[in-house]
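Chain lettering (A, B, C, D, E and F) follows the sequence in which the chains are written, and residue indices restart at 1 in each chain.
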Amino acid sequence: MQITRRATFSASHYYWNPDWSPEQNARVFGKCANRAGHGHNYTLEVTVCGVVDPVTGFIVDLKWLRDLIEREVIDVYDHRHLNLEVPEFAQTIPTTENIAIAIWNRLAAAIAAGSSARLTSVRVYETPEIFAEYDGELA
Amino acid sequence: MQITRRATFSASHYYWNPDWSPEQNARVFGKCANRAGHGHNYTLEVTVCGVVDPVTGFIVDLKWLRDLIEREVIDVYDHRHLNLEVPEFAQTIPTTENIAIAIWNRLAAAIAAGSSARLTSVRVYETPEIFAEYDGELA
Amino acid sequence: MQITRRATFSASHYYWNPDWSPEQNARVFGKCANRAGHGHNYTLEVTVCGVVDPVTGFIVDLKWLRDLIEREVIDVYDHRHLNLEVPEFAQTIPTTENIAIAIWNRLAAAIAAGSSARLTSVRVYETPEIFAEYDGELA
Amino acid sequence: MQITRRATFSASHYYWNPDWSPEQNARVFGKCANRAGHGHNYTLEVTVCGVVDPVTGFIVDLKWLRDLIEREVIDVYDHRHLNLEVPEFAQTIPTTENIAIAIWNRLAAAIAAGSSARLTSVRVYETPEIFAEYDGELA
Amino acid sequence: MQITRRATFSASHYYWNPDWSPEQNARVFGKCANRAGHGHNYTLEVTVCGVVDPVTGFIVDLKWLRDLIEREVIDVYDHRHLNLEVPEFAQTIPTTENIAIAIWNRLAAAIAAGSSARLTSVRVYETPEIFAEYDGELA
Amino acid sequence: MQITRRATFSASHYYWNPDWSPEQNARVFGKCANRAGHGHNYTLEVTVCGVVDPVTGFIVDLKWLRDLIEREVIDVYDHRHLNLEVPEFAQTIPTTENIAIAIWNRLAAAIAAGSSARLTSVRVYETPEIFAEYDGELA
């Protein structure tokens, strides 16, 4: 049994591997290699599983989950440049895949510690056409 | 192999545990504890799995599935107050989680009996931001 | 030149004319006449027009407009039963048309007083399939 | 870890089993049996899984995946009559289920051969209300 | 004061001017000139204006409007090939513009005759990316 | 009679008035004043009006309009930092209002020169919650 909460944030990023020449960055990353940056309205879906508490009818208190997502993710990512202002992307390229992993890492322990639910997946939409989903297993 | 049919209904509900004081209901359920009720346009996704029949190309006849959902769910829930008018919520708080379980219970046996498909999940969106998914296993 | 801000609220309502018999209410209003109520996720679009301020690039400060909508509309309508808890619907049936007019009446003077913009339309979606739009002229 | 790319195509089709009488086709397939055909804006979601390459941050190069989908699916299906112009539907009824299987068959080997990712699911929306999902296992 | 009702239909069409050579049709209409046809999920928005009846709170009875749209448009267009099966497109190319005009012509007099409202616009979406809007004036 | 074409682009921006102190920029523009920039998936709707050509059924050739939007807007704005890389925003704050005006200025003359249609409005969505619309008149 699962429940999902959606949230959104708007952020800038670029794709750049500092070990490569500008030409190789442009060849692999195309328009995303532009160092001035570009941005997206990201949509985030946080899914947890657990037992429905017979007293509340809840797997998790969604207000608590919303506040947790707000504090741990939105306050850090929203209206920010991911490469320049978010610590986990100082060395890691903020692709959709890596953003999903980073959000998992920000939320999984806190959800386990603060509720009887368990994080099961983080889905991140970069645009309506592209989304990554991470379930805690890298492969 | 799976196929999904979406449907919608508009209903009222509130969250209230009769074993609690009004203060405790307000503290846990916030605005949802308002006894006058509030409502949503719910979206329902019913997913079944099975083998594609080589004669029809169907896992299940979607007109039959639509009529079943209409009769078993929409006719009972749409334009209703879930707490006051739908029997399964007389004692059970109509959270998104419990609505998903209740719809599963209304559909699973009928799908198995009337087709060669099997219900695999019921997803209920309370708003575009919140949805629960039930696959027949409570934990 | 116009700018629009969207907001959402979830509320219950029913359609009932107290001058009519229950039969006539049922005949005219169908399922909407159910006195237990039903509900919707309403979407509201508030559109204002004005001159773009060359200093800010704004027609109106959207944070100010968002807070105004929040205070004047969302705080009053969200998670409420419109017929029972919102004063303007004590005597007026909360149809989509009347909700659009009521929201106009809550916002038009405040926008004119608090900004250099002017309200030009209020659009209310009851569902994605039905919406009303009011521009301040009743016919 | 998964990443999904969405694409769209517009196509005509009808449902018709040549072993049946016109009456039986009409009884089983309803309006879809109309031999003049009708059409849809199909939405396709192609999901692959794999390891995130630490050098690029990618499971798969999404530009490469987009071009593959374009060449293998969109160029063949878009603005076409599926029954009359797409070879895999000469003998197979182009139901949503069969379209999902056919797209899987067009993409799975090419993704495995051209990248380090693996196709995990193909989801096809015929309308926003109906979608099929295939994961490579027929039952 | 306006109210809008949305409806959908799925249909096939092609673009072909019989006075032109196949080459000229292909040059002007591109993939749309394919005589096998292709199709879309069309979305239709019918907007009427009028006075809000103080007795009902309605500009128009939306159930009546829905049934009118169903009978005059959906029953004729849905699951049809517009060029081959809908009379107004026997001589007229079913572009988005011409479909909007044709639907206006099917509805305007009936709305004026059967209600106190007046049709103000017909919007037709061929895809989410393309829509035409007609207000009864050709230029 | 109008027809609309939608397009999308992803870009970065910030709000900053160089005549103000950092404190005043922060007070007026809030999170948008962050000089590292943030970004959005913008959606653009370009609406033209004209007479339906009886030979083609078109107000305007939508492939031509798409290519014009691509060349004049998307190629210049997409995957760019609007403040730093797009000339019209070197001195002008790229608010939603100013982006709509700038796109109008890029398209209006070209549409009038290259077709028998006329640009009637440019609508720009910064997010699904905020959009500006410009019709060529500043007030």
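Heads up, the rule we're going with is that a contact is a pair of C-beta atoms (placed from the backbone, for glycine too) under 8 Å apart; a residue touches a chain by one contact, two chains touch by 3 or more.
Just so it is clear, the structure is predicted and the values come from calculations on it, not from any experiment.
Asker: Through how few touching steps can subunit A be joined to subunit E?
Answerer: Between subunit A and subunit E, the shortest chain-hopping route counts 2.
Asker: Name, by label, each chain that touches both members of the pair subunit A and subunit B.
Answerer: Output, common partners of subunit A and subunit B: D.
Asker: Where among B-D, A-B or D-E does the A-F interface show up again, with more than half of the contact pairs the same?
Answerer: That interface is repeated by D-E.
Asker: Tally the contacting C-beta pairs at the C-E interface and at the D-E interface, and name the larger one.
Answerer: Counting C-beta pairs in contact, D-E comes out ahead.
Asker: By mean C-alpha position, what chain is farthest away from subunit E?
Answerer: A
Asker: Same residues or different residues: which describes how subunit C and subunit F meet, taking over half shared numbers as same?
Answerer: On the two sides of the subunit F and subunit C interface, the residue numbers are mostly different, under half being shared.
Asker: Just grab the chain with the largest centre-to-centre distance to subunit B, centres being mean Cα coordinates.
Answerer: Centroid comparison gives F as the farthest chain from subunit B.
Asker: Averaging over Cα atoms per chain, report the distance between subunit D and subunit F in Å.
Answerer: About 34 Å separates the centre of subunit D from that of subunit F.
Asker: Would you mind pulling out the distance in Å between where the CA atoms of subunit A average out and where those of subunit D do?
Answerer: 29
Asker: How many Å are there between the centre of subunit B and the centre of subunit F, using C-alpha atoms for each centre?
Answerer: Result: the chain centres lie 42 Å from each other.
Asker: For subunit D, which residues are shared contacts with two or more other chains?
Answerer: 128 - these are the residues of subunit D that touch more than one other chain.
Asker: Just spell out which pairs of chains touch, all of them.
Answerer: The list of touching pairs comes to A-B, A-D, A-F, B-C, B-D, C-E, C-F, D-E, E-F.
Asker: Going by the contact rule set out above, which residues of subunit B touch subunit A in the complex?
Answerer: Per the touch definition, subunit B meets subunit A at residues 15, 17, 19, 28-30, 92-98, 100-101, 128-135, 137-139.
Asker: Which subunit D residues qualify as touching subunit A in the complex?
Answerer: 1-7, 49-52, 55-59, 61-63
Asker: What does subunit F use to touch subunit A in their complex?
Answerer: 8, 10-13, 31-32, 34, 36-41, 78-81, 84-85, 127-128
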